[in-house]
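Labels A, B, C and D are assigned to the chains in the order they are written; within every chain, residues are numbered from 1.
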Amino acid sequence: MSYELNYTVGSIPLDKLKPKKVRKNIELTLWERLYIPEIARGMIVTTRHFIVNMVGFIFPPEGKKRKIFTVYYPEEKLTIHVAYRGRPVLVQREDGKEKCIACGLCERICPAFAISIIGGERQRGNDMERYPVSYTLDMSRCVYCGLCEEVCPYEAIVMSNEYEGLAEYDRENMIYPKEKLLVPVAKLQKRIEYVRKIYGKSNYDLRNMI
Amino acid sequence: MFYIIGGVAVLSALIMVTNKKPVSAAMSLIVVMFCLAGIYVILDAHLIAALQIIVYAGAIMVLFLFVIMLLNIQEKEGRVAKHKIFFQFTWILATGYVFINMVKLIGAGDLPARMEGNIDGFGTTRVVAEILFTDFLLPFEIASILLLAAIVGAVILAKAKIE
Amino acid sequence: MFAELIEAIAKILFIFGVNMGFFAPILGWVERKQSAVMQDRIGANRADILGFTLIGLLHPLTDTIKILTKEDFIPAGANKLFHTLAPFISLTPALITFAVIPFGGQYEIFGHRVNLVIADLDVGILFIFAFASLATYGSVLAGWSSNNNWSFLGGLRAAAQMLSYEVAMGLSIIGIIMVYGSLKLTEIGAMQVDLFKWGIFLQPVGFILFLTCAIAENKRVPFDIPEAETEIVAGYFTEYSSMKFIMFWMAEFLEVVTISGIVTTLFLGAWHLPFVSGEKLLSLFGFAGPNLSIVLLMLTNIATFFAKVIFFIWLQMTIRWTLPRFRYDQIMKLGWKIILPLALINIFITGLVMLLK
Amino acid sequence: MVPLNHYLILSAVLFSIGAVGVFTRRNALIIYMCIELMLNAVNLTFIAFSKFLNNMDGHIFTFMVMTVAAAEAAVGLAIIISMFRNKETVNVDEINLMKG
């Protein structure tokens, strides 16, 4: 199963986009080499923005929002795209247990050595299953690369869209135990689907086959 | 006022001569230049005082500092050879002798008493310029040629690459 | 004698208060806010007292408190004396140069003659150049004494750049001196009564050259290679913190004000309003009696002067936020190969025109 | 009012200090600085005489001396730079060859 991303630039899809002509080895015309007129032109542009925004500050136009890109962060928040790699979290099954089987792949791949797992076994129905007795993620080391998510065969660890409250004054608080990492699967459904698409994981999700 | 400035000038000059670090020496020389500019102001030579700061403190000494920093001279002056110490001592004695004679001359010579009254606008730009561009026009032009020669010489000297 | 003393103290206090109390803190705010407005942003507006943010005007205050309570740090291996001295050397010229810039004409108030300049020197412009050249030492020494490679590079660049542009700046101003025939800034200001006697109309080339050189002397963008933060951290003041850092910062902003003052005095008609002469204003203020009308005229002139200064500050800020930084070789090329010959040609043509007149 | 001889003595002191520096120091840069100091001392004499004789010629001489000093500094520093390039030192004792 392949997945096609439909990128767009503005409203034009990528394949319809014509390459813009780039001037390489620029030879300036005499007018441009005088430099002063070009400086004046640049300053006219900035001054125009200045004046337009200045008027906008003093008499804010009604209805139409000003052309200002600043987001007042704590009050306003940007909608996070599903591709955003926030805090890595463990997926919690519907029955409240973790999906992780403590295979240790994420521990192995982690470039920052942030993950450490102690595995164990427990009863599930009639079968035994592996589970992490402890799963600690050192958030002071995590580099948000997303390799753990990519390597995980069971979709047990995914990158959430949380990006707040990760800074601490104490390093001890930044070591996250399993309980702190677990997030119900319902909340992560979008990301899991996205991960399936980009890594083609749906092919070998053993849990779904069984 | 004169004595304060003069004292500071002499002190800084001594620091300059005795200091090991070139940068400190340059900075004390700048202080000397400043003091001299102050003395020029006392002597009503405002234009020369301004030029003193612009040319000496502003241009020449910055050039010195630039060169000191560019070459980054960290090495300390090594010990002087024995025979050279003797030479140096002789030189200091000779200079002292000359200095004593100068002071004697200054004390003995009948120096002109201070002239009464000043010429109109003594030391102002206008008066200096009038004399410079009438009586001293030829030296002025020669000085400009000298400067040109110095520019060319400096460029050629500094541009020469090691073979 | 007593009246003169009071006058002198009042003038010094006025200039000092305007510079240190108004311009130095407010320019930090202006720079942040103006750049924000120019770039479709909002800019600093979070510092508040009881919920009043005053469009970010409290930020200079909070910045000052924050910087002053920081540790004053002298790096290991630094030359302590020069490291401490350098910010003072930087700040002093910026403060002193304003002494010779007239911010108003001469007035007879209550039988007392008021000359609105702190020191009416015969060598006014040369005085400015003398102290502008001293500002070089501040940055060079700061760079050298910090015992840091970035600082050192910044100091070297500052020395080379400021030395080069001093020459060009001196030559670019000669034209205007020739036209007005005086070095005295009060005389030059008094001569620009008529709009068409303003320096900018008599010496347009000199104006552009001088403004360029002055900005280069001040080491601001596009000539900020001594402190290019993308290349050498912060250049010559990398190793500075606390009070000393704020002194470099203040020196830069005060120099912006000083440059605006000089340009206003030399090229933009000093304290004169265009089209409205002093006599006309005086007759306009006639209702207030002979003495008060002169006071009103004086205040108008001071306001005019500072309005022009503020315009030039705005212009310099606009330049600073519009242009990208020059490369080192480009700066040297511009200084020696373009501005210097242009200034010489300007002098030559000025002399020719004056001779033929 | 300060009499003329005090100016002259100050000038003599500075000149002597400069001379001692030229003779004893071996860093070429400092020797140049000492020469500048001597020139300055002479300038002071010129200006002092100019003031006391009420004659502006001293100013002109000072002007010329400054020109010469500037020229000398430019050429001298260029020489020092090329010297340093070739011999890696600015110690005048170690530069004892007329060529190279």
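The rule we apply is simple: a contact is a pair of C-beta atoms (placed from the backbone, for glycine too) under 8 Å apart; a residue touches a chain by one contact, two chains touch by 3 or more.
Given the structure is predicted, the values throughout are model-derived calculations rather than measurements.
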Per the C-alpha means, the centres of chain A and chain C lie apart by a whole-Å value of 47
If you average the Cα atoms of chain A and of chain D to get two centres, how far apart are those centres in Å?
-> 69
At what distance in angstrom does the C-alpha mean of chain C lie from that of chain B?
-> 30
Starting from the mean Cα coordinates of chain B and chain D, work out the distance between those two points in Å.
-> 5
For chain A, write out the residues touching at least two other chains, lowest number first.
-> none
Which residues of chain B are in contact with two or more other chains?
-> 47, 51, 59, 63, 70
Can the chain contact pattern be summarised as a line, a ring, a star, a complete graph, or none of these (other)?
-> line
Every touching chain pair, please?
-> A-C, B-C, B-D
Within the complex, chain A is touched by chain C residues 34, 36-42, 208, 318-319, 321-323
Given the complex with chain B, which residues does chain C contribute to the contact?
-> 79, 82, 121-123, 126-127, 129-134, 136-137, 140-141, 143-144, 152, 155-156, 159-160, 162-163, 166-167, 170, 183
Which positions of chain B touch chain C when the two form their complex?
-> 23, 27, 30, 46-47, 49-51, 53-54, 57-59, 62-63, 65-66, 69-70, 124-125
If you look only at chain D, which of its residues touch chain B in the complex?
-> 1-10, 12-21, 23-27, 29-30, 32-34, 36-37, 40, 43-44, 47-48, 50-54, 56-57, 59-60, 62-64, 66-75, 77-82, 84-86, 89-91, 93
List of chain A residues in touch with chain C within their complex = 36, 39, 42-43, 45-47, 49-50, 53-54, 57, 67-70
